[in-house]
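Next come two complexes built around chain A: one with chain B, the other with chain C.
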Partner chain A sequence: MRAGIRHEFLYFALRNAKLRVGLSILLLFIVAALIGPLFARYDPNAYVGPPAHPPSPEYWFGTTTFGQDVYSQFAHGLRSTFVVGLIGGGIGTLLGILIGLVAGYRGGLLDEILNMFTNIVLILPTLAVLIIIAAYLTVRGILVESIFIGCTAWPWAARAIRAQTFSLRAREFVDLARMSGRSSLKIMLTEIAPNMMSYLFMTFILQFGGAILNAATLDFIGLGPTQGMSLGLMMNNAVLWAALQLGMWWWLIPPGAAITAIVGALYVMNVGLDEVFNPKLREL
Partner chain B sequence: MGLRVENLRVYYRTLRGYVRALEGATFSVADGEIMGLAGESGCGKTTLGHSLIYLKPPMTYIEGRVFLDGREVPIWDMKRMNEFRFRRISIIPQYAMNALNPTRKIGRMIAELLAAHNVDFNEILPELKRRLDLVQLSHDVLNMYPIELSGGMRQRVVMVISTLLNPSLLIADEITSALDVSTQKAVCEMIVEFRNRGFVRSTIFITHDISILYQIADTIAVMYAGQMAEKAPTEVILRSPRHPYTRMLIASLPRVGARYRQERLHGIPGAPPRLLDPPPGCRFRDRCPVAFERCQETPPFVEVEPGHFIACWREI
Partner chain C sequence: MGRYLGRKLLIYLLTFFFAVTIDWLIPRLMPGNPVDTMIARMALRADVAEVLRSYYIRAFQLDLPLWQQYLNFWIALFRGDLGVSTWLFPQPVIAVIYRAVPYDLLLLLPAILLSWIAGNQVGAMAARVRWLDNTILPLGYILTATPYMWLALLLAWALGHVAGLFPIAGAYSFNIRPHLSWLFIQDLLWHWFLPFTSLFLVMFGGWAIGMRNMIIYELEADYSRYLEALGAPQRLIRKYAFRNAMLPQITGLALQLGAIVAGALATEIVFAYPGTGYLILQAVQNQDYFLLQGCFLFIITGVLLANFIIDIIYALVDPRTRLGMTGE
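This part shows the complex of A and B:
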């Protein structure tokens, strides 16, 4: 039975062009993030070469105004971008699912309390809180940044999932499951969640992309990681030191293109996965 | 032993007060009995059926007791009811065709449902297949998604699932309403077959179609505005009803061979009372041709002949 399901899922997944394209691009970048830094010959922040050097066999992606190796920055930045996306997006999605499902399925007083909590976090001035936190944390890493992004990004996901749950819990099959004596937890996990699986995945994708973009924003106002490198930091350095005006395209384009490609691939994948998850959208 | 319901009162809680949808229902259903529950829309048929398995808010338990096979059923207790649901009291809902999770294959859905009741799927699989044969479904449906089946097939699947653990009580809630006549017949025959083979012991068949009950029910209970009006064996209800509402209801059925060009089909004049604040006494009073002063009091539901219960002051 189990093997059959997996087999069928794979069958439809592998036939879906959108999923194949999205997944290929994503895998390409994941591989690049995993093994790319192994080929980086320099420390991403060290001043190793001539300033503003265009791409060459020695410096694959060229160097920055200060003579840092762009390829090393890119490879390390890609890695931390995935870390931020996974951890930040993961925390945001999990919190959103948990709070949204429970509030939507249970309803009543619990829903009131959770919804109020959601709204409070939603209207929290993220930037102001960030500045305060940054003032206390003098040493910030990628990990802390991602956790903080995840903990502030969940409210809209929770609200959307709550609304979906509200609509699904009134459906006939959920009603019958209740009348068949299934527990609330099982109903949430096997009756309600699978019916919005594609939506949950989309939430994760949006959270993933949102976390990457949020991290870039934080980097820009000087609240990013004090150690390490990220694609956002690269772009902002490039903008700060007028890479565009000086014609240093090699400093600007790799991080920008990578972020766009990663987020875009995730979106395309999402549409493909929707078609795989939902038997009604499957094409034989 | 069967099912025994004593003075069951279930209201709907609303902002403007309680809607008295089920007022003091007392009746019993014997082992192997198919009881038809008839009445017009909004008379409390479904409220009665659902209250025996799942009190969905805003349904509120007021009073009354329910016994199944001599054991009390705690219908007011959501948690404790879980051991009764599906295993001992089961329902085929009105919307049976949409009652399957669209993201689960039917076999997997059944396995999960059985696991929730600590029953091993593989152990029951041979019996499940026998029952699928009985309702003329291929075993392949277990490996299919609900959208791959027709509406009628889905309903049969739900019927098989609902009766899989041989419940003592089966509630069939208007299962024929959305079907064409030939499918109606097949579904009704299935309900009788389930009873004859001992898959279910007692059945409550909720419908507003009395002609269907004539085919399959052993007894018929007629409800009016939340109260039981009359319960008797099928023949008695159809041939010699005694409650004025039942009489008018039966009289309003179209007769085979009758011509309605000259004589119009008769209905019952008036409308049922609002249940938010119903008048005291017999609720049929305002529409009843034989009402008198005594009808200001609520008539008791008494047995006038063996197996024949009536709630009417004229008849007791």
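This part shows the complex of A and C:
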């Protein structure tokens, strides 16, 4: 039976054009992030070539105003983009699940308090909070950045999961589990969570994309990693060192194009997954 | 309706309290302290540094007990005292921010309102015209996935640098002083066009997709089917669907505000547009912590106010909240 269901999902997943397109683009960039840096001949921050050199066989993506290799920066930046997405998105999803499940399942006063807290953090402009935190950190790494991004991104996920939990909590199988004397934690993890697995997975995808966009904006403002390279930092440097006025398109365009492609692929994938998981939306 | 707005107001007040506390707490919580950083940058003799250090600690009242520092922070806040900018010393932070506000509003208000209206209209149209749906949907997904600053960079490069149609920096030409004349307004609008367009386009994608999905959902709802069975004209059914789909879009606007403001900050940085975003960049580069904290409070207050206005509009538009039939 279980194998049958999995088979069915796979069948619809493979037939879904949106999922196929989104997943292929994403895989392309994952592969690029994994093996790209291996082909980089230079250190991303080292001054290796002639300044402001357009793309050439020697410097594939050209060089910056200082003669840094844009390709090396791009390849390493791509890696940190996925790190931020994975860790930031992961933490955001986990916090959302934890708070949403507990608030939705327990109800009562605990729910009131958690819901109030969720609403407060939801209204706070995430980026403003991140700016104020990052500004006071003198040494910033990609890991720390991801953790902070995850810690501020959970509210909408918590709210949606809480609503889902509410509707599942009143179902017979949950009552039955409760009558059998199972602990609340076990019920939440084995009865309620599996029944919205598809939803949780889609939440993770959206959180992944959101974390990437947030990190890009934060880096662009100049509060990105002080060590290492990221796509947002590339754009920050490009703007600060007049790539726009000098018309250095090879420095301006690639980082944002990669972010757009990755996040766009994630969004399209999400719509595709929705169609796969939700029988009502399936096109036969 | 009174209860609904009262509840919302309570949440906003709590949020404001929470935000101010964060603003006060983070500098004191983070490793290393700004006074040491400031003195280290001056590279003074050890004994001079020590004197200056104790002077700063007294000047910033860091020698008081924590609760008193916290209380003083609130009192200063209500007096409109956000400290003195170190970047533009000795101007008070509040005056620096005050000068940036008109540019923020000039950029944000038209971009938000027009993209919301246009996105809703086009999204609703896409829900019933096949070819439009096939073009708007992929385009919308690409636009929402675009980082604000990248679209801004792209437009600035293509229309500003390559085509040379628009200026790529500042809010007005350097050879003009701000004054009320046709010449200045023309120049202002000319500089305003690209930042506005890039903000407009990114937001437009999101609203169009949201509206399209909502309309399709509403057209499947029982009341639409019932109207259809009664033989009501399609136009009437779509009108009802549009009205119902509008409510989640208003809520969506409130939820998106934070992200929109973040996008506007990034866009202002690209175009060196003298709004809050540009201030934040300067504050970060010059390590002007007072200015940064002031900008933070300014953004929070603005977003909360806008949220409250949207709530009032929502309550006026939705008959259920107007009559007090729903709590939230």
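A few remarks follow.
Just so we're on the same page, the second predicted complex is superposed on the first by the 221 of 284 C-alpha atoms of A that agree within 3 Å, B and C clash if a C-alpha of one lies under 4 Å from a C-alpha of the other, contacts with A are read in each partner's own complex, and residues count from 1 in each chain.
Just so it is clear, a residue touches a chain if its C-beta (ideal position, glycine included) is under 8 Å from a C-beta of that chain, and two chains touch if they have at least 3 such contacts.
Quick caveat: nothing in here was measured; it's all calculated off a predicted structure.
After overlaying the two complexes on the shared chain, residue contacts for A:Arg171 are found with chain B alone; chain C is out of touch. Using the contact criterion defined above for the overlaid structures, shared-chain residue A:Ser180 touches chain B, although it does not reach chain C. Of the two partner chains placed by the overlay, only chain B lies in contact with A:Glu191; chain C stays clear of it. After superposition on the shared chain, chain A has more residues touched by C, the comparison being chain B against chain C. Residue contacts after overlaying the shared chain place A:Leu252 against chain C, while chain B stays out of touching range. In the superposition on chain A, A:Gln227 contacts neither chain B nor chain C. Residue overlap on chain A between the chain B contacts of one complex and the chain C contacts of the other is empty.
On chain B, the positions that touch chain A within their shared complex are 50, 53-54, 56, 81-87, 90-91, 93, 95, 98-105, 107-108, 111-113, 116-117, 143, 145, 147, 158.
On chain A, the positions that touch chain C within their shared complex are 116, 119-120, 122-129, 131-133, 135-138, 156, 209, 213-214, 216-217, 220-223, 232, 235, 238-239, 244-245, 247, 249, 252-253, 255-257, 259-261, 263-264, 266-268, 271. Only residues 11-12, 14-15, 18-19, 22-23, 26-27, 30-32, 34, 37, 141-142, 144-151, 153-154, 156-157, 160-162, 168-169, 255, 257-259, 261-263, 265-266, 269-270, 277, 280-281, 283-285, 289, 292-293, 295-296, 299-300, 303-304, 307 of chain C touch chain A when the two sit together in their complex.
Those residues of chain A that touch chain B in the shared complex are 1, 4-5, 171-173, 175-183, 186, 190-191, 194-195, 197, 277-280.
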